[in-house]
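All chains are identified by letter, namely A, B, C and D, in their written order; residue positions are counted from 1 within each chain.
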């Protein structure tokens, strides 16, 4: 077998993943994937469309898509009242796993960590709604867990446009304390070669 | 104000709770409260009936009932296929909080810990289906969290009758390593005085 | 007994704590309290001095100080090499509890959550080293856990001064999504009355 | 490359690991590895000696040894007073990773989960002191996490000999609800072939 070249995304402040893409271990985490976060961020439709395209590319290369909705238990409120509907997953790959969390950190009080582990996922592309809210909290938490993360900047929607620059800078501080950041095009470019060696679309790509 | 006497259950190997009953902090945890565990334990109907009676007594005294169902994520299985239906909660108090866990330990990968904390519950009466399975795992986990626990022996159903004695002994080892154990009658006796100062049922007791 | 007035700090975007100060439940969390974070933030000495003063005030009013150091387990590195020395606690109150975490989130992979719970602490004043790093991650995590948090802006040191404004804004977004923020003077002013009913300093205040 | 035969231990109620031994993912978890548990179990010296032998065999085959000590935070007690000294690790392989937990469940409030993940360990041989205490709690918790576990019965010491049979039976109930069980000899037999293709001991085996 001929050794494959190491595939990495041209992210900042370092190329991601540090040890090269391993598709069976690749996951796309769509954070803030619920009606609450869609209602508070700016321009959710455009970002959702980008996430949908990214999801198709990740699945085509052999990765797994996981979406996270967030319900919040508050003092005096019943858990039933805390349930926030997930965004429709119609446009996501049919193999998408939808999990819920009871925190802004998508790993908190839910089955996300277990889902990643039982599926063998440790390379995470992170995107979604609520850049400075759930996306950032979940990215921080994923990084603490030793998962190798890249944040796709233009596949994230922010609640406050003024917080975008600072949010992205903080990911990169200290040499990438919470992972790496990259634009959508650069990610798609790296994922594409693996799935389109010829102009003929693969079976995976042609599913509705 | 006249100081109230400290109310404790005559449990083994020590009276529970160690600092006396404080109803706003009291919770009844009904573990294994799902169709899977109802299908594998012996005599679930009788134990469910006892749990229902205990739940009414706990609520009447000002406590909170929390039921836990367990879904299990397994390699190669989709999360959707892991969902196990909860037992019907029709007969439980309407204020019952139903949570789910993705482990045999009811605290694992779910919102149980957060639910107890946001409701201020730290005194736990533990009962349910699967004595040596979810009941024991959840009791152990509750104890590690510093929650004050008593296991109601005859309000638990076991999958294997031969494991009952050992399971109860292990709770009590080393002076109550995982909490205390007690029979249902002794618990009801301690809860009762607080709610029935007169033969007239309270509003809470008269709800359907 | 005469009802005490509700004591609250004049924080933004809401007064903290929402239900008034309850000193036995009050904790001061000193995050990033280790040599690594002291080495990367700007002006650690001044901020440490402010934290020391705040700690004395919190203890004088009946609260508890908890410091958190962060070690990071990395691929290929031994845990022993991950240990980062805590800052000296000589100047902190002798009752200070020092805990460690294996993440940037002080609650991750350590005993912080358990320490707060067993000490009955659910009102948190948050300060320390690494505003956009461990301080922010820990504040986010505390908020998910339902703990009532206020961040003391000028008792935090940042690694990058350019990130301060955004970090503070993000705490307050959506009406205080991660808690409230306030300056040190405003906190000390609210803590003080409870401990100095007379001009005579209490024994606690006069300890070195 | 010639396909290697799948290596499995002849455990009950199913052969372990279900997908065959993969040494880089293999870990030996020595639970209850502290002075408290050594003081309450029966015959600790003999079991420690067996664990030491097992540890050498695991490392020789390319696996990793992790020991867990347990400190317990209790109401009113200071964390400092909760520290329980680990057992000496002199006789264990020098690459042994020693972690601590603040619970009877070795995964609780400590860095065990992170340690296993960052070392890529998901096949666990479990042994140690306190069969019905920390060993059982940790085994249950490992199983919830989706780790593939086998308990080595005669490399565990119990606090109460009467609880041994029930403890082992409960692991195997429902077709192996908490993993599989096996005797030490059967484990050593499976580990051995991989490391002794010839009568000449490897360098690793000859270390003191």
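The definition used in the following text is that a contact is a pair of C-beta atoms (placed from the backbone, for glycine too) under 8 Å apart; a residue touches a chain by one contact, two chains touch by 3 or more.
The structure presented is a predicted model; accordingly, all values stated were derived computationally and were not measured.
Annotation: the chain A:chain B pair of sequence copies touches via predominantly the same residues, more than half of the used numbers being shared.
By count of C-beta pairs in contact, C-D exceeds the other of the chain pairs C-D and B-C.
Rounded to whole angstrom, the centroid-to-centroid distance between chain A and chain C, based on C-alpha atoms, equals 31 Å. Once the centre of each chain is set as its mean CA position, chain B and chain C turn out to be 35 Å apart.
Residue positions 73-75, 102-103, 108-109, 114, 118, 145-146 of chain A each touch two or more of the other chains. Residues 73-75, 78-79, 97-99, 102-103, 108-111, 113-115, 118 of chain A are the ones touching chain B in the complex. Listing the residues of chain B that touch chain C in their complex gives 114, 117-118, 122, 145-146. Within the complex formed with chain B, the residues of chain D that make contact are 40, 73-75, 102-105, 108-109, 132-133, 136-137, 140-141, 143-146, 159-160, 162-163, 165-167, 169-170, 173-174, 177-178.
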